[in-house]
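Shared between the two complexes below is chain A, which pairs with chain B and chain C, respectively.
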Partner chain A sequence: MAFKRASQKFNAAINTVTIGTGDKALAIGGANAYPFYKFDSVSPNPARIGIEILDTGLAGEPAGVCAFYEGCSTVAEMAAKACTLEGVDFVCIRFASADPGDANTPVETCVEIAKAVAAVATKPLAIAGCKNMEKDTALFSAIAEALSGQNIMFLSAKEEDYKTMSASVGLAYGHIIGAESACDINLAKQLNVLISQMGLKNDKVVANVGSAAAGYGFEYVSSTMERVRSAALAQNDTMLQTPVVTPVASETWGVKESILPEEDAPKGWGPAEDRGIRMEIATATAVLASGSDAVILKHPTSVATISKLIASLA
Partner chain B sequence: MALKGLDIFKLTPKTNCKECGNPTCMAFAMKVASGALTIDKCPHMSAEALASLSAATEPPMKTITLGEYKLGGETVLMRHDKTFVSKSLYSVHVCNAAPAEYNDGVLADLEVVDYDRIGERMHAELIHVNYVPGCPDDYYLDLVKRSVATGRALILNTSLELAEQAIALCGDAAYALQGANAENYEAYSALATAKKCPLVVGAANLDELHDVVEKLEAAGNKNLILDVTFDSAAAAFEGAVEVRRAALKGNDRTFGYPSFVDLTRLARGDKNMQCALAALFTAKYGSIIVMDLDYASALPLFGLRQNIFTDPQKPMKVEPGIYPLNGADENSICMTTVDFALTYFVVSGEIERSGVPVNLLISDAGGYSVLTAWAAGKLSASSIAKFIEEQGIENKIKNRTLVLPGKVAVLKGELQEKLPNWKVVVGTREAIELVKFLREYQD
Partner chain C sequence: MAKFVTIGERIHCISPVIREAMATFNPDPILKRAKQQLDAGATYLDVNIGPAESNGEELMMWAVKLLQENFDNVPLSLDTVNTKAIEAGISVYNRSKGKPIVNSADARDRIENIDLAAANDAIIIALCSKDGVPSDNDERMAYCQEMLERGMSLGMDPEDMWFDPLFLVIKGMQDKQVEMLEALKMLSDMGLKTTGGLSNVSNGMPKNIRPIMDSAMVAMSMAYGLTSAIVNPCDLRLMETIKSCDIILNNNLYADSYLEL
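On to the complex of A and B.
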């Protein structure tokens, strides 16, 4: 008996969300098969890669990251440089220093940085906050206004602040909202429902359904993504057809495997930078295989490897 | 095709003799249909009935044994549907065509990359010993000998001429034989059957592989592992997915075997790409993954594998006890939290980031998170006080400050009463706030 393929065709697809405008517009999502199952159906857009730049600059960054941005003295210069890196589809500026528990950089300063970045970037932009919700909401609203109509992806809106985010970032200035929930398909769906009830269209919403480094409860991340993708495709659940954008760098570069200096690490661990890169690569691959349409990475070597992986599987 | 309980019932003696341990033949038939029992548990089944049933009630994917390890036996395509049962096995790679320093390095790394993570040994379980024709035979046999000495199980990818000699060197070590393809499978299969070892079968493409497996099964060999590496990452991924899906969804028993992928063939010398592909095949259906496994790749991959292959129905737990972090000694402050592995990792990670020496006390809370354990009565003032007493903490640690998780601040009063010698402090609600809390805390 000859081999008969048990392929899965779906009459449903993930939404396509375009970030940026004009020449630098980038489509995310659109898949109608499981990730990398091109033998079932070729997806219209390959998985996308964002590169993360911290507003705090290069202090404490791995040598390979510093070397790549050598000569850059501002966030805008770094962003311009990042746009030239092969494999980068969009640039994500993370305003880590805005945290009131950290440097508490004022909103006005952040807006100036964002404007400077937008002026020089040749790729679409994403803006991420400092994880202090009150500050982030204020920050996002101000940047959204300053860069009105540029179709920027804001990461992210949570259950607590989705109203402000939807209204003052999405509806008022036409940007894209990232709906963030923590590893639970029901919470992910609920947040998408609430945001759609605010009047935001499908093509203006992406989702971050949870992220973790490999080994750090990653089973919750992968199972949530797989369940979300199954519901979206197999059951045509329109409230779960949001493209998934997963920040990877901000999770993987904090765990001890990535940062413990060689001299403090157990025998044989080797240089921290190599460990950090592999942690980023392994996590990004697993996230993509589970059902993410885009990942956000930091290290140029990780970007090169993951873009090669996507090209070889797409 | 899966059989219904009634179809099986018709073939039973219908005597309700209870010898199988079930009250009625009907109950037995239902259990066989659900896969909970095998048909041979009934002592009165006729030979014909057994033959017709055992083929039909076989699990969709066979379990292949390689020494102490099990491969395959999976019943679902996604872990949340039930659970994955056999974790991917990681294999390092030595080869008689590779320079001696490469092979020596691989075998040396094997000794180093061997550690414990949440009670599980993390090490490469297998060594792939690869033979390239035209390169020295005696060096190949030397590599086999040295690989056997490591105590790992082996995959002998070898020529037929050399196979007997290589196998003779294995002694008690478990091994699988590799090298069979569409042309030579009969001779390889005869040898593997005689030696009772699994046979790794390769082919040019999926259709040819299916064909060869059918012929091997017809010849009576059902101890197989399918090499789906083919010639590219895309073909290997398609192979791994199609084989697993055909077995579990397509009712195609021919592909009901574990898959093998050799990343050293797909991304030779590129450790970053091998790490990415290993993560891919760990998530999706690689039962044996051959790669260059240094520590930098091992840390994320073993962690990922441990996560993917946990049973979603059972929480992952760490051992209760004292975990000194950042070089903590008997004078460092104590913090306590639950034994849920995720909580432990997040909390210990943040404490490590703070750089402040802390004795982290993990008590047995049933493997639940803080609030769940508290609600279930597994984390209470009594359980913490009892833990401190049973572990003899007061003899081991001189410091008397104990930081509670902020989410169970409510326990403070009662705990302070039970531990009058201690200063009970309420910590942060979220782990992420710990760095600031610890750096600012004055004992």
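On to the complex of A and C.
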């Protein structure tokens, strides 16, 4: 008997969230099949790639990153350069130095950087914080106001601060909120419920359901993403149909495998930068296959590799 | 598994308010009941226009358009013995939120409603009965088989045939309840979808008892595989029970606010 291929059709789809405005607008999500299951259905939007730039510039960055941004003296110049890199769909500025435990960069300074970036970037923007919730809330609210109406993606809102984020970033200035939970499917859903109850429309919400470098509890990340995507499509769970945006670089470039200098590493590990790139690529590939609609990377080599992967499979 | 499907039963010509509204084509009472049921979490709404022998087609078309235009193409179950009225209702029905349900066929006089559903790509509610209440499950399953074969021979997807094992009134048929549950299990084991008029079980019981009995019955029925029921969605206890059972059966992912969804 001839093989009859059965395709899996869902009466459900991931929401489409547009970041940026006008010519810069970028649609994320919209899929109605499992990742790369193009034999079931081709997603209206391929998976997207963001490139992460730290507010501290190039200090401590790998040589390949420094080489790419050579000649750039400000974060805005770096952002402008990043927009020219093939495969980059959006730019994510991470205000790591705003952390009170770090340089404690004042909110006003961060706002100026964000404004300068917005003025020159030719791709839509995402803003990520320093992971100090109090500071991030103040920072996000100030940047949201300064860049009102530019439809920027803010990463992120958590269980503890979703009210402020929804009100002062989403509702007040029309930006997009990333709902962040850490590998907890029930909380991922609950957070979306709570944000929707705040009055935010579903085209203004993305989710970060958890991220980790491959090998660092990654199985929790992939199983969370798969369960979320399965509920969204197979069970038509409207509270889990938010596009998933997963920061990869901020996880993978901190682990031992990526940073241990060659001279300190076990024999055969090779140069740290090569390892870092491999970690970034392996993690990004895995989260895309598990159900992420966008990844945020750092190294130009990773961007080139992942964009080729997406173009080949999507 | 998909979430349990609730079919709201409160647009029914047996209610004096609805009968009057249908007689005079007055939209307000119908819209009000539709809104109450949808706010309470109903998926489908049943539209029972009675036999409507004189103007069934006109009435069903009016009701379908009225409800779908006002409530974002809410999916409907078209409930009448007047087959012309069902066909007329389907002719103006918008499928964007779900196929229409033909309510209902049985293994006797109304078996041709399966043909009607097949011809119109609709869902059919198929009552496992021929002459009143089936005497045992052998009989139930024979009727089920007969209707299933008829539907499939007409090209229906078995997913679109929702079998009703017949919920029986407890006051009078208390000894038949477990058998009905076992029928649900058999239908479920065959991979079939099921539905039925749940509140029939508590018929004749005091008003304060009915939500308790209906909730217990829906929970046990869902454990035996029931996938849908025709219910009063404004019964909060019942709806909370259904939502909780959907969580236990892993039909819906748990979140702390699951009762509010």
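Here is the rule we use: the second predicted complex is superposed on the first by the 313 of 314 C-alpha atoms of A that agree within 3 Å, B and C clash if a C-alpha of one lies under 4 Å from a C-alpha of the other, contacts with A are read in each partner's own complex, and residues count from 1 in each chain.
The definition used in the following text is that a contact is a pair of C-beta atoms (placed from the backbone, for glycine too) under 8 Å apart; a residue touches a chain by one contact, two chains touch by 3 or more.
Bear in mind that the values here come from a model prediction, so they are computed numbers and not experimental data.
Room for both chain B and chain C is found when the two structures are superposed via chain A, with no clash between them. In the superposition on chain A, A:Ala114 makes contact with neither chain B nor chain C. Contacts of A:Ala294 after superposition: neither chain B nor chain C is touched. Once the two complexes are overlaid on the shared chain, A:Ile176 sits clear of chain B and of chain C alike. Of the two partner chains, neither chain B nor chain C is touched by A:Val17.
Legend: residue contacts after superposition of the two complexes on their common chain; A:Ala231 is shown touching chain C, with no touch to chain B. When the shared chain is aligned, chain B comes close enough to touch A:Lys256, but chain C does not. Vertex at chain A: the C-alpha centres of chain B and chain C lie 80° apart in angle, rounded to steps of 10. Of the two partner chains, chain C is the only one touched by A:Leu240; chain B is not. Once the two complexes are laid over each other on the shared chain, residue contacts for A:Asn186 go to chain C alone; chain B is not touched. Overlay on chain A (Cα): least separation between chain B and chain C is 9 Å. When the two complexes are laid over each other on chain A, chain A has residues 227 in contact with both chain B and chain C. Contact residues of chain B toward chain A in the complex are 78-80, 109, 112-113, 115, 117, 206-207, 209-211, 214, 232-234, 237-238, 241-242, 245-246, 249-250, 252, 254-255, 271-273, 275-280, 282-284, 294-297, 299-304, 306-308, 310, 312, 341-342, 345-346, 349, 352-353, 432, 436. Per the touch definition, chain A reaches chain C in the complex via residues 185-187, 189-190, 193-194, 197, 227, 231, 234-237, 239-240. Listing the residues of chain A that touch chain B in their complex gives 1-6, 8, 36-39, 101, 131, 213-220, 222-223, 226-227, 230, 254-257, 259-260, 266-271, 274-275, 277-279, 281-286, 289-290, 301-302, 304-306, 308-309, 312-313. The touching residues of chain C, counted against chain A in their complex, run 2-3, 251-257, 260-261.
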